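Right after this note come the structures.
Across the two complexes that follow, chain A remains constant while its partner is chain B and subsequently chain C.
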Partner chain A sequence: MKKDKMPPLGHLHMEHVLQAVGVLEAVILRSFGPEGGQVLFTRDTGQVLLSRSGTRILTALHLEHPFARMVVECVWKHSSATGDGSKTFILLLASLLRLIHAAASKGSNVSHSYSSTKAAEAATARHLADKLLAFGLKELDELIATGVVPYGGCISWEDFTVEAQTSSLTNNLCVQKLLRSFFHTRCGYTHCDFSSHLTCELLSHWNFKNQLPSFSLQLVSDYFPALHTPVSGFPVRSSRLIEGQVIHRDFATPPLKTDHQPVKAVVLTGSLQPTLLSTGDVLELGYRGRMKEERSILHFSSWMESSLQGVIAKLQTLGVCVLLSAVKQSAAVLALATQAEMCLVECVSEDELSLFSQLSGTTPIWDCSMIESEHVATLAFCRPIQLGAHRYVHVAFQDSEDRITIKPCSLIICAPGEGQIEQYACALQDAIRMLLRTWEPMLAAATTTSKSTLQSHKGASLHTDSLTEQTPYRSIAIQPIQKPGCVLSAGGLFELLLHYALLQHGHSCSVSPDLNIDASVSQLLANALLSVPQKIYSHKNTISPIQVEGPLGDGKLSLHCCREGDKLSKVSELDLGLESVSCKYQLLLAVLQCVASLLKVDAVLPTHTDQEQIKCHENKGIKMLL
Partner chain B sequence: MALNGDEEDFKWEPPTEAEMKVIQARRERQDKISKLMGDYLLKGYKMLGEACEVCGTILLQDKQQKNYCVSCQELDSDIDKDNPALNAQAALSQVRERQLAAQSPAPSQAPELNDSPSSSQENMSVPQPRPEHCEGAAAGGRTPLPPPAVPPPSTPASTAALAPARPSVTPQSSAQRLVLQEAEEAVLTKLRWATNQLQSSASLEASIQLCSLINSCANSLRSLKELTQ
Partner chain C sequence: MSRLSKKSPSVCTDMPLDNTDICSKLHLLKQILTSCFGPTGRLKQVHNNIGGHVVTTSASSVLLSSVSSSQPFINLIKTSILNHVSRFSDCGLFAAILCLSLIEQIKKSALKESVAIRVNNYLLALCTSYLQREDCGCRVKLDFCSTQNLITLARSVISSKPACVLTEPETFHISKLAVQAFLLTVPCSSPGIVSFGRIVTVPVEGHSVLSSEVLPGLLVEMPDGLSEEDKLLNPLSVVLFSASLAGDISELGDGVIEAHPDVDTDSQILGQLLELGRQVINDEVKLFMCQKVIHPVLQQYLRSHGVIVVERLGIALMEPLTQLTGAQPVATLHTTIPPKTYGKVRDLCIKHFGSKTMLHLFPLGESAICTMILCHRNQTMLNELKVVCQTAEHVLRLTLREPFALVGGGCTEINLAAYVRHKSKSEVPETASVLMCSQTEYLLGVELFCCALESAARALEHDGGSSLIDLTHAHRWMLPADAIKETMEESLGFCGCGLVQSSPSKKWIYLSTKYSDFCPSSVFRDTRVQPRVLDSFTAKLSALQVAVETANLALDVKYIIQDMN
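Here is the complex of A and B:
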């Protein structure tokens, strides 16, 4: 039985972390960038999945190494919050760790408090990581606001219908353009236009007029599993929107014959037939009082049925003809419902029921004997719909002024194969999450250390208070730090601009002696950021560094690309797509936090729980007894 | 804090060019290892939480539960190229290093000899282990190539040098001087022969062995000359 040696404190720790993250980087590097490749996954069952999503690739790997698993978990959490940027996460993480390692081995001294150089290195690295995180939480958003945001633009939420024109003269920043670049990197070039158009249509239907855009985005994002129906076997272009909601179950009783309006429905969370008897109960039939008749089980069951009939009769008086049940109903209920010409849908999932309740404005009921008019929903229709190989229930809600003023619709996603459907559905969900992040007023995720962000989000107040603590040379910004809807040209521009801003910050910091550490930290971060554009442009052999012109007021961006071998040809307004600034900022913060937590680990203790070891111990025990 | 630190303890100097090359080579090797491991992970291998005992690389496990170390089993070892037994280039470079090292302490040994006859024994014994340390030469010495009498002339020369070392203070007898002269002549002939062979030699191994022979002959001559002084 091989015994694992626990590595001594600090020894081999950084190398292991670097190696684990380096391997993950090598895995995702080939899929990175707009020209990255896709990974084909095959399961043992023969199912095939194509993906370019970094999260999907990383979570599909078999990893038992603790650092690798930690990193993948961080990536997964980040991706479920922002919907994008998992490959960039790994790239930034790897380059940051390498630079920290280089800085730590350069600057570590064999001081007396540490037993070896390795331990001193580890301590230096940890200290650097903590400083980086503090810097990121405190000062990064200001730098972004002053150094990056002026080069970008703001998308207005109402621009759904503005089609992105292909002529290079008009460079409207619109939601569609942002979505198109997202789908381009995620699903490929073929259907990115179509997908972005479809998503915009969906969002325009769900647009609440008197609410913030983040409200409707949050709603769509939360209910997305209930809002989309995957249909395999059709080309992607047959995906469309349909009004109302599709419930992913079939009718348990024959559907409604007459299509009269309005259709009334009730949502049941419990069984109609009350379960008076459960296993283990004993039913005592016998004489009671002065009754001389014999009681038998038949009497009991007929009594049950009559009570059930009463419930159904009550429903009929309320005009209910559709029952949506969360649980499976008994055969008696089915029979009675068929007789009463009510249609019943069983085993509807919880999120679909909650969406239904939200859209219809009713509450589900547990005990049908207490049913009232507030539990009855009014529908425009309720009929079966055949989508692909399955038959579902299609409901549409009746418009009512006192309720929500939107026309809800569902998405039908078509794709030739199961794997592709999953890919598109995930891409759509992530796109919505990304949009939500772009428009969401940033939460005080920067905890207590950053007063400035909190102040800027509470209102348009100036964050002068927090600034007076810091050095006076920094200028006071009048506007709030992150405007919602702020976007920037994609393709590594964010990293380049932030790199220069950080370098400038570092230079200005090195003037004052007490901020010397800040200078080195910003220098480190600046160098780490360069790795992302490097990797993007290493694919393209002809285009080398981009020169960026000064900030332009109307959001237009003109980039000069130097082509090797050519003269300096001015390629104005290169269509690199758009990306969201707040998503990038969140990504940076998440990377810094991951680095800090990785380097905080002192020792790794292996705990084995496999059966072989237990048997081995048992054998040893037996030997000792003998 | 280590970062702000006491710089009087340790001054970081930028690495020399040789060190930079080593660092660069190591980094490239690490990149290669990472890429290979990434490919294996995408093929379905599992990344274990253990590291290889030999090289410290993270271990992979395939579907048949077999452990696999990428750097040991696939890439050429980092240190193999420095092992003279496996690499002729390394052997030649080691010979050159030994020659350089032999030339520099030799002048320092001569005054020591004159100072203390008791320490002359240790100084006499120093030339002897050196040829054996050079593995390439030792490997060459084992082959039945250039005269099998290669080790013997050096050893009798040094033993002959050792033997008269003790009574070096007393004036040497003529018999001893004759023995020394004969030994000198034998060594000189061998030296001459080896030089001729070296000039016409085409094989690398043979040249290495001849160089080591010349080296040992030179050492023996030097010690003989010091004895006769």
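Here is the complex of A and C:
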């Protein structure tokens, strides 16, 4: 290996960070807010994709700048946990960095030489960022609980169950509104009503009684690839739910001719045809020149056929007429199954088989000669279904006693192009993730045995845990935030409310200096938050700066957004949907963590060896020098 | 590791619709597609730069898939339309022209994109609900008691593709055949799950179009050693093998087989095959067919016993054959063939088509399998004719789900535009506030949408004539370029779809001029007057939706990121 020279140390200043984040912000702004649009991008394969998802757009850029990559990484981590907020992430990050930069350059205004000024600036900035993070971890949840949550509402899981039975609009409206604004930010205005309705319907079908809401959401989220079928060439409005499960394969033998109920099915993981010779075995024919009948090749192949016939006969006695196989079966199996009037589906994906087993309550079988009745699933029907260009297998399960509340159903996502379908599928999956996060906020994640505890989240939950032990007063204050399903009007209300809560907090801090939190920190965060509502309304060119009246005596907060000569502000206010408070809280924490880690870097070391370059790529090109 | 290369950063385009390069490309695409539209559309020759064969066509499926652009914005629209065509086979050009004119109209106007998207969405819902209505002025209910409407529907599809180069009687002949074949594939009386049959197309080059025909049953390659004099007892017993009968060793697993030099495995297997042949002959099978290869010795043996042997059928013919004969494919060589796997054919005969000689298998009873023999003078025209016949078959099959058709000849588009103009004029303030725009913006959006619809109808005209609209039914009328103003009434005759006849009481105006909105009255249905041009209802409705959705999507794109790796 070539020994590489020590490259010149490229010192980083706040300007570099700001510049990198500013570029990202400019891209993101195109699809941010009510007037934002789609971003079209091509993959290296030439595939055309569409997105309004911040994460998707940022990763598609293939950025080289190490800072930008670090930011993208942070955004990706955050959105894979909450499914939402990647665009706001960048906006908040940019505005926070700008304010920190301004504060730092003001603070170190003493006349020094150029390099030392910069160093002092960086040190101040780093210090500020750390304080911000500490403040966020310690105080933010309480501030949100007292300053934001009272203005919001709460959605409960019962909304779904009620909707499924009475189909009244009023109860379900809240969840629908939450989803509606989510789809508005992710797929655009056109189909946000339709998509949110479809998602609500899907979730209401998958509602398990006597289970936590997060259980259903987690299940749908885990099995989403098996639960949806993309169909291109149809208008989006043809998307629908269908009963049961779609297995994304076609029948290998003619489908069932009759529609008799029930249909018995078996899931196979191995080949039906017995393997005579496994790898490494040697079959010797004509041993020592003696030509005996039982040593001829025909003997073996006829043994194989007869044992295969035995297996098929056994399946027939159990009444099985559908075989779902994970592997490809031989021509003999196909022919014998056809003759026995069984239908066979080959090469079914593992995901789909596992969902099928879960829904039918059976276990897959490897060797069919060991088959027992517990391996046999009972289906309501099993028939071919033509979806777009493909013919698939459509199965529905019989109602059993323990499954009386859920009606398994699959989603068919239609759109004119593949890119759009992928966009909708991603948005749906993220919507479910967002709902999961809404229902399972901070504390719940730490106490229940949920698989997906995220790192950014851990700090918060540990912290609140210790708080609850400390004082009874505090635990009451946190109570509203623990309550799952807390939502607030969308369109920057969260940021505005928190802005005021932070300002007030700042005042109280300066009055009582015993708390060692700097008032300037909460002031800075408060100002940074304002950038979000500003950006939301900035697309309307004729708008005058937002005027906000602080929380008045009666505790009512009114949001005015004035437009010159046009009385449409009322209309746009009506259009505002809902957003999840707990997702917003996590977003803020993630941004603060990102700022702190960004400002800790002081130099980038470009290395030159080929080998090193590759490593650099794998490590996202960041060399941390602490 | 050394193969890993650095990823190059992506190329970005901001506000693609303000980009002149993209706009000019969109305009060019629109011009190309518009000039292909309809029965008098101009043909396009597609050939590649390395001298591949030239395709002459005006079909959107062929044209769009051969047009490749480096611009993802164009590809977005292209794939949407192509996906529509692959589902519905018809109305691809209509969807593309409507989509591109919508984008162009909105771009030219000062209307904001977000407002335009909301208005388009609202108007699309208005259109689809109108088309579903009972009193819709451009919808015709199909009557399955008579084939007339079905033939008209098929004929509209076939005549809209001039690259087939068909004369009037030829068009009619092919339309009749398409309907006949379609009706043959609909099973008459089968209890339980109904499954459609299949049309197997056999292209024959160098013959007159009028010698094309539809035959019940299937045609297979002529087997060797069969003469026309052979007379066979009817019906014939059939066996169908899906496994290879070439004498190869069956799959035993992944292990190694070591054969002693003394052992003649090949002859053992052949002996087994001949044993199989003996059983088949004992069971009085007269037609022996195999998907794969049959060992020549077995073939010879079977033939010497008067069995007709057909090998190498291929996977495509297997399903129609099992449906036709009722035989189940056999893949076991060691066990006796169960009698229920045998199928039957009523009769065999030998057919000659030009240079081709084929064996024709007749079904024993009712069967939904038929063969369409398509003849044309040369390869290019024959290819286009094949595509057109498949489209016609698909369009006819769609009518079973929704037994309606839309009047063709541009009448549907004009009628829709008139309806939308009329309907949207009521409750303007309310609608505008729901759509979050001003009233002027809303009315402008409506006008742009209607203009786009009308431009799709006008695209049918290629010879310099002009399009007119009558102010009672809102159908489209064509005025040839050389018509004299005074004799306008006579030169008009019938409207585009042939449902309305000109009369002195009617008033016409040019499509490009503004008219005060009116509610188009539905045509009084005189059973003697049948429409001359019909379009598929299902395909056109979907095309309308796909066109508007795609235009909305294109208008919503604010940024393009192109991966350059």
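One rule holds in what follows: the second predicted complex is superposed on the first by the 439 of 626 C-alpha atoms of A that agree within 3 Å, B and C clash if a C-alpha of one lies under 4 Å from a C-alpha of the other, contacts with A are read in each partner's own complex, and residues count from 1 in each chain.
In this section, a residue touches a chain if its C-beta (ideal position, glycine included) is under 8 Å from a C-beta of that chain, and two chains touch if they have at least 3 such contacts.
This one's a predicted model, so the numbers in the text were calculated from it and none came from an experiment.
In the superposed model, A:Leu336 lies in contact with chain C only, and not with chain B.
With both structures placed on the common chain, the touch criterion links A:His62 to chain B and to chain C.
In the superposition on chain A, A:Val27 contacts both chain B and chain C. In the overlay built on the shared chain, the residue A:Gly419 is in contact with chain C alone; chain B does not reach it. After overlaying the two complexes on the shared chain, residue contacts for A:Gly319 are found with neither chain B nor chain C. Once the two complexes are laid over each other on the shared chain, residue contacts for A:Gly310 go to neither chain B nor chain C. By the document's definition of touching, neither partner reaches A:Pro150: not chain B, not chain C.
The partner of chain A that touches more of its residues, comparing chain B with chain C, is C.
Contacts of A:Val39 after superposition: both chain B and chain C are touched. Shared-chain residue A:Lys106: touches chain B; no touch with chain C. Shared interface residues of chain A (contacting chain B in one complex, chain C in the other): 27, 39, 61-64. Contacts from chain C toward chain A in the complex involve residues 1-2, 4, 6-10, 12, 14, 16, 72-73, 75-76, 79-81, 83-88, 113-114, 117-118, 121, 192-193, 242-243, 249-263, 265, 268-269, 272, 319, 322, 328-335, 338, 340-341, 433, 436, 438, 542, 545-546, 549-550, 552-553, 556-563, 565.
Touching chain C in their complex are the following residues of chain A: 27, 30-31, 34-44, 48, 50, 57, 60-64, 188-190, 232-237, 254-259, 273, 275-289, 291, 296-298, 300-302, 304-306, 309, 330-332, 334-336, 338-339, 383, 388-389, 415-420, 566, 568, 571-572, 575, 610-611, 613-614, 617. Every residue of chain B that touches chain A in the complex is listed here, in rising order: 1-7, 9-10, 12, 30-31, 33-35, 37-39, 41-42, 44-51, 56-58.
On the side of chain A, the complex with chain B involves touching residues 4, 12, 15-16, 18-20, 22-27, 29, 39, 61-66, 68, 106-111, 114, 120, 123-124, 127-128, 517, 604, 606.
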